Amino acid sequence: MRFDEAYSGKVFIMSRPEVEDCDVVMYGMPMDWTVSFRPGSRFGPNRIREASLGLEEYSPYLDKHLEEVSYFDAGDIPLPFGNPARSLDMIQDYVQQILDKNKFPLGLGGEHLVTWPVLKAMYEKYPDMAFVHIDAHADLREEYEGEVLSHSTPVRKICELIGPENVYSFGIRSGMREEFEYAKTSGMHMDKYEVVEPLKKALPSLENRNVYVTIDIDVLDPAFAPGTGTAEAGGITSKELLEAIHLLGEANIHIVGADLVEVAPAYDPTEQTQITASKCIREMLLGWVK
Amino acid sequence: MRFDEAYSGKVFIMSRPEVEDCDVVMYGMPMDWTVSFRPGSRFGPNRIREASLGLEEYSPYLDKHLEEVSYFDAGDIPLPFGNPARSLDMIQDYVQQILDKNKFPLGLGGEHLVTWPVLKAMYEKYPDMAFVHIDAHADLREEYEGEVLSHSTPVRKICELIGPENVYSFGIRSGMREEFEYAKTSGMHMDKYEVVEPLKKALPSLENRNVYVTIDIDVLDPAFAPGTGTAEAGGITSKELLEAIHLLGEANIHIVGADLVEVAPAYDPTEQTQITASKCIREMLLGWVK
Amino acid sequence: MRFDEAYSGKVFIMSRPEVEDCDVVMYGMPMDWTVSFRPGSRFGPNRIREASLGLEEYSPYLDKHLEEVSYFDAGDIPLPFGNPARSLDMIQDYVQQILDKNKFPLGLGGEHLVTWPVLKAMYEKYPDMAFVHIDAHADLREEYEGEVLSHSTPVRKICELIGPENVYSFGIRSGMREEFEYAKTSGMHMDKYEVVEPLKKALPSLENRNVYVTIDIDVLDPAFAPGTGTAEAGGITSKELLEAIHLLGEANIHIVGADLVEVAPAYDPTEQTQITASKCIREMLLGWVK
Amino acid sequence: MRFDEAYSGKVFIMSRPEVEDCDVVMYGMPMDWTVSFRPGSRFGPNRIREASLGLEEYSPYLDKHLEEVSYFDAGDIPLPFGNPARSLDMIQDYVQQILDKNKFPLGLGGEHLVTWPVLKAMYEKYPDMAFVHIDAHADLREEYEGEVLSHSTPVRKICELIGPENVYSFGIRSGMREEFEYAKTSGMHMDKYEVVEPLKKALPSLENRNVYVTIDIDVLDPAFAPGTGTAEAGGITSKELLEAIHLLGEANIHIVGADLVEVAPAYDPTEQTQITASKCIREMLLGWVK
Amino acid sequence: MRFDEAYSGKVFIMSRPEVEDCDVVMYGMPMDWTVSFRPGSRFGPNRIREASLGLEEYSPYLDKHLEEVSYFDAGDIPLPFGNPARSLDMIQDYVQQILDKNKFPLGLGGEHLVTWPVLKAMYEKYPDMAFVHIDAHADLREEYEGEVLSHSTPVRKICELIGPENVYSFGIRSGMREEFEYAKTSGMHMDKYEVVEPLKKALPSLENRNVYVTIDIDVLDPAFAPGTGTAEAGGITSKELLEAIHLLGEANIHIVGADLVEVAPAYDPTEQTQITASKCIREMLLGWVK
Amino acid sequence: MRFDEAYSGKVFIMSRPEVEDCDVVMYGMPMDWTVSFRPGSRFGPNRIREASLGLEEYSPYLDKHLEEVSYFDAGDIPLPFGNPARSLDMIQDYVQQILDKNKFPLGLGGEHLVTWPVLKAMYEKYPDMAFVHIDAHADLREEYEGEVLSHSTPVRKICELIGPENVYSFGIRSGMREEFEYAKTSGMHMDKYEVVEPLKKALPSLENRNVYVTIDIDVLDPAFAPGTGTAEAGGITSKELLEAIHLLGEANIHIVGADLVEVAPAYDPTEQTQITASKCIREMLLGWVK
């Protein structure tokens, strides 16, 4: 073995060395400065990478091996601490570059607000796209304590950008009254509490469409993902989340980008949150990238 | 904003400033001195308050907002360390005062023995009452290592006070042989392991009655509430506990007081136990106080 | 009470003082030196003992009390650090002695490789035996990074020793493609993801046979057993594992030995993993030893 | 005891019930949104209050009892998440009100940037004041990643406001080259690494002046205060910090306000950081308020 | 190796198997029910035993090996939860038996109140004895919240039993004003804050006397022993505590019994508190038993 | 910013992208399979890298900036789990390659046995070299439980390779009697307990020599580095370790390689161990590479 070719342990397991050879670019968005309860998701991407070392490279669920997908782990975008506006601009610009090269953007958060600039970049390329949102929280506020750029607002802004009728939320169990009223009256699709069964019902209406999927790890019950900022009791199990990921992969839709957000390792000394997140990323890579 | 009116962060979220204006008095019982395994529930009430800061004030389950209930968080009763007898007297006296003012007592524990003096106060006002007990442990011992006042005896004492036929236990999965035999022969109602389905069956027999409800957080599986003194595998999920709370709220019964006990934060660095407990308290406030 | 007869707190609850009077010998195998991800299971046996102090001695599931089973907790075998080959020899020799005295060996791990020397000893005494394996991982590799003695290989070696048709794996959700192919083509029995339902179907084919059972605590979802080396999302609940243990006890089979492995306390500050493991050990003692 | 007068457990130990009767207003500044490494100090104030429950009310160092000082714990200022500019305005306005009532402001952080608006309010009232800064970090940057409002800039801004010759920094062991050069050339006073001896030398030059003192808990070595955002090895001991507090109290200076910042409880499961911080607050109350 | 002679890992390292052959009896007092702040020291003795596995058996400080001292680890006394009076009686009776056999009692706590019954037993045998007390807290209260039996009262009670002139306290940095006044006026010896230097000065006055020594682990700064109930900043280092132990061993006194108390493992996930305590026990065994 | 040039967060802060341009190669040795007490140091190198993100790039101690040293972080050598012999061969081969390119090898452990193969490679290039060893443990055993390759033997083997008179150990406070006797009789240099003063005395005798330095993080007291496998009370402070590093840098010697080992993050949820280790690495880079 040559000393300058040592396996580095610095990237998601089996990331390839050259971006040019890859269909997917995996990137971290280490931002948590608009979080209202417990911050810390800025360390999520790195710990998901670290936990990937304990993963098998083969999925018995999908009978596929990570060597069948080509991806490049580009590391974290160097976002400026405490500056939401500039951070969001950098993310949008970054994802635009990935899309310009016709690669699949796979983002690791960070707080959920990061999905907003990603969507702006996606929407330019896919103006007919739909948005699938798996989360405990509605994230439909117009503002949060006077701030328009908040971890509680991204889905509302996305509704306004791509049209509420193109937004599908699953698993929602927390929000303000106004958010649930907006969900009812705006024409968007929202299923409360559960993910798997509602998804089965909704997927036919998404057939043949371009779809971006965002997963907030807090859709899981805190028992399954304690390492997150706003843990919310009454959630789904990791078995159900894996099933949802598999349903999306089997559906007749075109997934054009995705992210998994809100892993905050400091609250989980057991490390199970990032262990579970890294398994979800493996299944997303194997099942969603075609 | 005036400096002497700052939101204090010292009480359960949305507690009102004046007790006179409130229907509910929330109070802590920071006692854990008869605990046989892992003590520490004396810090439970304060951490439940702290975790309430991360809660939404609106419940999508009940379509209600905390501003629709008026409650006063009175803080913790200053119980004397290591003196069970005097502590229990103080609790009983304290709850009697709340009842004298015709307010709903909502207690935060503390070990489960605290429910015993609460019940003595309740029973004086409501001699026809029933007692609903959601717990992993039977708590039906006559004594524990020679002690009559123990965290293992309160339900037995309550049976003796209000009559076993008025006591309903759900979710029980641990106890001595003698306790399960007492449950069978005494005429009390006990359902093992499960809560939701047995509760559905039992609720009709409680119609129109005055009911006090006690929830021991350890009815949850340790996965969902690791921060408790005597964690017991094989429990229910937080989704099931929320459903049980909702069933009680929808039933045609008069809930006249309640408590939630045995949150011991030191065993749960993830803080999920108090996060879940504070959500349960929100649902109890919104669903049980009428 | 005499000072030299104090209850010691040093052994599994209700262990008897003299090995001669006992049907069961409980012993620890504190080995973790071939572990690929997070080591630490060498401390598992001792923490399971410690957690047993919080257990009731009576099981409401089985209506039996630990005084109805006679067992001796022999402590941990003093295995030499970092030397797998010599450690395995010591374990095999140790279990042979237990079997020579016609006692039931009940092992506490330690990493899963320890089951391999146990099986060699068992097989000499019971050449017609079957092997039931409850685990998240297939453990069917021929080697791991060039090592034949690895925590990933024991079940493969056992297949080769006792014949794959005598090996029954349940709950498997992780492994290499080659392992799953071996499972399909070798004639062994493997059920993926689930335990309870597959076990119900498989048990009739084991009727009247001598059976050794190994439980890897990581068959549980990380939510229920975070304290383990290679936690794997998508697992079963502790309620399901208890049900599986009860099914095995009720079946018409002869359980002749058992172990429970891979409890690694350092990753679980909540201590729930060892609390759950010690409850499983109680149910195994009460339900499996006849 | 009356139920509506229960000891609340919600405030710093022995806080008085009415602000009018008090010489000191203690207040929390739960802000951490410009932090560059590990956020979480927003929970510092509340945990310092909680830890105060374990304190003796008497100081053997000073032979004084907390009943000899009158202070009101006003709770936390409700700062808007992720909005540094507005948060700083609110803090400044808040402290101005305290000063208008001629009370001593004692702040609990929160990140160190909160000291900047406090100083602006102080400076209006005490234009001849000096500033004593005990910290591991110089906090002398002009900007941080393009941001002028950052936890790395407050001391620089204070230098510019009140004149560098009025700023005294002690214990500094981390910063950029530019910060140390500014310290050398600007005329400010900076002592590196140590606190007690340099303070003894510097105090005579502060005689009879009005002084504001800020303590960043990370001046302590991480061994003594692991619960902080940017822990920095090579620090002082808690014994030395207590001695520094006592030196300031004995000096012939007029301390007109103070704060203690950067306690981030999530990184310290031992809770020693807030335990130590609450003892420092006791000594500051007893020794500095005259 | 015979299976029924396996090294058990259940006792302090190198404990001998038969009490008759030993000069020392080591025993645990798992009591914490009068603790006012953070309980949990009942698990101290067992974790000190577990941590002893990581110790060398040889001390380079004393050039002695544990095989040169004969001791029997008798396990924990089974104290009744929540009953201080009965627990103290059991401890006194237990220690009396050890003394009747002319063995050296070496106790592991547990809260500090356990030293009171030990002293009663010691005093009967050694009516001329002196008492050396190394601690952060004076423990000189007459009562605590109305309780005479409290973790804050043992040293006062011992003063009253054996005469204050025979009591030597070192390292005290916390207590009520009344306690420090009692220390000054009663004729007892008390040194505040420091241990090593005061001990050097005091030891000559103890020459040739029988001495019992109690060490409260919280004399260490929380940095060195975070796992304790009432951690108190400003303490000594572990190097200083080891030096104090060595000074006592070299002095011309007859140490006739000792204990080390207040290790509460739940507050220290790093385990350093019990690791340090077990090293102290080794040095006490090697240096104090002659 | 280009998306494929994002700052990666995957390497030690300011590592350069191309090995050819660098004077130093930093590499991880993630091995812990011969550890006798608490394993886990295999994760040390990666967490030291992660913690480096919180470091300033400038050292006020040395008035130097990391841009003044050119180093390449090569990641971790992919060592085979549980196979000490093969792992050591790989390390030796790896370091030989670094030396062949005339670069400075800076290793991150892993257990201390890794220093043995590094030294074999170093010795081939520098047959006249000296070895400076800063550690709590003598590591001078001939074997450990029958194993010659153990974390307790590397310094003995190094003595035998390069001659004991060329080995200098500092800070040693744990070992077997035989090790301390070997130290006395072999002609090696050993200083017990302290590092700074003995180093000052010893350095003149090393003038103008080629020196390899190994630092075992457990030379620090557990208060300063709880995240290590065999924590040993009575150690030095982080301030003293930094001073020792600076003394070595200022001395008139040629440091030709170095390592820092035994960081085991799982035992330190505060993360202070890796935070301190990464600061030591910065000072070693700035002070030792010339």
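Lettered A, B, C, D, E and F in written order, each chain numbered from 1.
By our rule, a contact is a pair of C-beta atoms (placed from the backbone, for glycine too) under 8 Å apart; a residue touches a chain by one contact, two chains touch by 3 or more.
All figures in this text were calculated on a predicted structure; none of them were measured in a lab.
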Joint neighbours of subunit D and subunit B, given as chain labels:
A, E
Do subunit D and subunit F, two copies of one chain sequence, contact each other through the same residue numbers, with over half in common, or through different ones?
different
Repeat of interface B-D, chosen from A-F, A-B or A-D - more than half of residue-number contact pairs shared:
A-F
At the largest C-alpha centroid distance from subunit A we find chain E
Centroid distance [mean C-alpha coordinates] between subunit E and subunit A, Å
54
Euclidean distance of C-alpha centroids - subunit E vs subunit F, Å
38
Averaged over CA atoms, how far is the centre of subunit C from the centre of subunit F? Could you give it in whole Å?
39
Scan subunit C for residues touching two or more other chains and write them down.
36, 38, 43, 221, 223-224, 267, 269-270
Touching pairs of chains, which are they?
A-B, A-C, A-D, A-F, B-C, B-D, B-E, C-E, C-F, D-E, D-F, E-F
Which stretch or stretches of subunit E touch subunit F in the complex?
53-54, 56-58, 60-61, 63, 65, 221, 223-224, 237-239, 242, 269-272, 275-276, 279-280
Give the list of subunit C residues in touch with subunit E in this complex.
1-4, 6-11, 19, 25, 27-28, 30, 43, 45-46, 49-50, 72, 74-78, 90, 93-95, 97-98, 269
If we count contacts the way the header does, which residues on subunit A are in touch with subunit B in the complex?
36-38, 172-177, 180, 192-193, 221-224, 226-227, 230-235, 267-270
Name, in rising order, each residue of subunit A that touches subunit D in their complex.
32-36, 38-40, 42-43, 80-84, 86, 144-147, 149-150, 266-267, 269
